[in-house]
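Next up: the structures, one after another.
There are two complexes below, and they share subunit A, which is joined by subunit B in the first and by subunit C in the second.
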Partner chain A sequence: MFFHIVLERNMQLHPRYFGRNLRDNLVSKLMKDVEGTCSGRHGFVVAVTGIENIGKGLIRDGTGFVTFPVKYQCVVFRPFKGEILEAVVTMVNKMGFFAEAGPVQIFVSNHLIPDDMEFQSGDMPNYTTSDGSVKIQKDSEVRLKIIGTRVDATEIFCIGTIKDDFLGVINDPATA
Partner chain B sequence: MSEKGGKGSSLLSKGSLKGKDDSATKSSKGRRVQFSKEAGPFESGITSAGSPASGGKGEFSRGGKGDKVANGKAKTPSDPGVDQKLPENVKCIMDCEAADILQGIQEQMVMLSRDSTIKIPISFDKGMHYATSNSKYSDPESVRRVLQPLKGHGFSDNEICMIANLCPETADEVFALVPSVKDKESTSQILKDSLHQLAKLKQF
Partner chain C sequence: MSGEEEENAAELKIGEEFLKAKCLMNCEVSLILEHKYEQLQQTSDDPMNQVSQVFEKSLQYVKRFSRYKNPDAVRQVREILARYQLAEFELCVLGNLCPETVEEAIAMVPSIKTRGRAQDDEAIEKMLNDLSLIKKFE
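Moving on, here comes the complex of A and B:
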């Protein structure tokens, strides 16, 4: 789910960037440093939407660098346990399937796929019901529930389930 | 360069995340991946290797015995609400609102991309694609107005955002997908009315 959040960061600026464009340089550096990063607390920082406040710079002893405390607003994407998401299937194998919701990867194990769906191998591996009415394959859209999250240095990885009520395939590319 | 959290971030951390992250990385057996069964919306889900509450194995075995969960009758007492532990200054936004914001920023990104030293992050592209493809409404303001009455009946911002994102057809679907509103079954008529109006705003 997306959140709009205010964060604070200490930005170090080299003296070469001082001058009348100091603020612009600081903002550019902030965006370069922060956008695209991921943390366990906030999830993926998708975009910086605005600068709330730039505090007074403090010259660091021994170097000419100056540290500015910057408060900024940003849009983050953070999945959490129990959330219901709509994701697109990226890969299917006999262990389950991988799906993507924004920048987040989700794995749904075959244990968390309804028992009446079986894995069919082939050119386009998929999970299909016994009557063939419902199929999960690459590019299918599924609604799933997050049951666990893992945070890496650069990404968040989730485990999901489609075994609960109102979960499963929304859109099958084969029938679309 | 340290990242200081603002008010929101300090509330988010609750003092427990740093410890959890550190222990996960410093584990002598390498990174042990465990999936926290009690993680709220802003907890990392990594539990310490020695934590008695960690449900690593238990989590998967519970998943394997999914029948109980699928029946919807087993109510885990530790199942957290959707908006548990959300600090005050964090605003949950709907996918359609996020799509509007990100589209506005995209124009600036296009100008910045002409500078070869600036690379547009992949998460921005993916986030924007996800928000625009999942955005079911053209006017987020109307959606907010339609769901506003639910706020007066105890629905939190987070729950309202989830309802807007999922665009459920019936009140039963809402109660099944958003467990934290189960105790608000008395509001089912208001919920039905709101869902009916929401369905009119949905764009195909």
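Moving on, here comes the complex of A and C:
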């Protein structure tokens, strides 16, 4: 799920950036520093949308760098266990398939794919029901439930399932 | 964060911080990110080079999965769902997935039933109807 939250960060700025553009410099450095990062607690920082407050700068002993506490609003993407969301299939193999929901990768093991779907190899590997009516392959859109998350220093990785009611390939009315 | 072990969105256990935070539906994120991308386009020749991979992937994702395209419809969806005493998180899951039946809605957001908030099937049905009307008239 995407959230709009307020985060705080201590920004260190080199004295050469001081002057009337200090604020602009600080904001552009903040965007460079935080956009695209990921933490286990807040998830992926997608975009900084505004600055709430920039506190008083504090000169660091010995270096001349100044630290500013900056409060900023940003859009983050944070997956939760138990959350149901839609994702795009990126890779299919006999172990299961990988899907992407925005910045996050989700793996669905073949144990968590309904039993009536069989793996078919070939140049477009896929999972298909015995009657061929439902097919999961690269670029399919699926609705899945996140059942586990693993947090790295720079990435969040999820395990999902489509073995439940109302999960699986999305019946897109446009293509039906 | 304390209680991380028990994190479970189905029971609305997503941590104090996120429970209070403003959730965004995919269509809202799409509006925000596209606006930001347009701003970048004005200031640089090659905006795709300026943005992070996370931004690029998120933008592609929300464009693909936005249920409502025009800003007015997005606002109406939020207004309608806000009448039903939903938590932010529940509101956004419903707005993103647009379930068609009461049963499906409860499967997507089990917490609407378990929290004892007098959400009977009729109320849920009415809510889903209102939502599908917006989609129709968009």
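Simple rule for what comes next: the second predicted complex is superposed on the first by the 170 of 176 C-alpha atoms of A that agree within 3 Å, B and C clash if a C-alpha of one lies under 4 Å from a C-alpha of the other, contacts with A are read in each partner's own complex, and residues count from 1 in each chain.
FYI, contacts are C-beta pairs under 8 Å (C-beta built on N, C-alpha and C of every residue); 3 or more make two chains touch, one makes a residue touch a chain.
Just so it is clear, the model here is predicted, and its values are computed rather than measured.
Participant: Sticking to the clash and touch definitions up top, decide whether subunit B and subunit C on subunit A clash or fit.
Facilitator: clash
Participant: Could you let me know whether more residues of subunit A are touched by subunit B or by subunit C?
Facilitator: Touching more of subunit A: B.
Participant: After the superposition on A, what does A:Arg41 contact: first (subunit B), second (subunit C), both or neither?
Facilitator: Touch status of A:Arg41: both partners.
Participant: A:His111 in the overlay: touching subunit B, subunit C, both, or neither? Say first, second, both or neither.
Facilitator: first
Participant: Check the residue A:Phe77 against both partner chains and state whether it touches subunit B (first), subunit C (second), both, or neither.
Facilitator: The answer is both, since A:Phe77 touches subunit B and subunit C.
Participant: Quick check on the superposed pair: does A:Asp165 touch subunit B, subunit C, both, or neither? Answer first, second, both or neither.
Facilitator: both
Participant: Please work out whether A:Met91 is in contact with subunit B alone, subunit C alone, both, or neither, and reply first, second, both or neither.
Facilitator: A:Met91: touches no partner chain.
Participant: Mind working out whether A:Arg150 is in touch with subunit B, subunit C, both or neither, as first, second, both or neither?
Facilitator: first
Participant: Under the stated touch criterion, which partner chain does A:Leu13 make contact with: subunit B (first), subunit C (second), both, or neither?
Facilitator: Neither partner.
Participant: From the superposed pair, tell me which subunit A residues show up as contacts to subunit B and also as contacts to subunit C.
Facilitator: 1-5, 35-36, 38, 41, 44-47, 49, 75, 77-78, 80-84, 86, 100-103, 143, 164-166
Participant: Quick check on the complex: what are the subunit B residues that touch subunit A?
Facilitator: Answer in residue numbers: 1-9, 12-13, 17, 20-21, 33, 35-37, 39-46, 59-60, 63-64, 66, 69-70, 72, 79-80, 82, 89-95, 97-98, 101-102, 105, 118, 121-124, 126-131, 134, 158, 161-162, 165-166, 168, 173, 176-179.
Participant: Note which residues of subunit A are touching subunit B in the complex, please.
Facilitator: Touching subunit B from subunit A are residues 1-12, 28, 32-33, 35-36, 38-42, 44-47, 49, 69, 71, 75, 77-78, 80-84, 86, 100-103, 109, 111-112, 114, 143, 145, 147-151, 159, 161, 163-166.
Participant: Write out the stretch or stretches of subunit C touching subunit A in their complex.
Facilitator: Checking each residue of subunit C against subunit A gives 1, 7-11, 13-14, 17-18, 21-26, 28-29, 32-33, 36, 51-55, 57-58, 61-62, 64-65, 89, 92-93, 96-97, 99, 103-104, 107-108.
Participant: Can you list the subunit A residues touching subunit C in their complex?
Facilitator: Listed in rising order, the residues are 1-5, 35-38, 41, 44-47, 49, 75, 77-78, 80-86, 88, 100-103, 141, 143, 146, 164-166.
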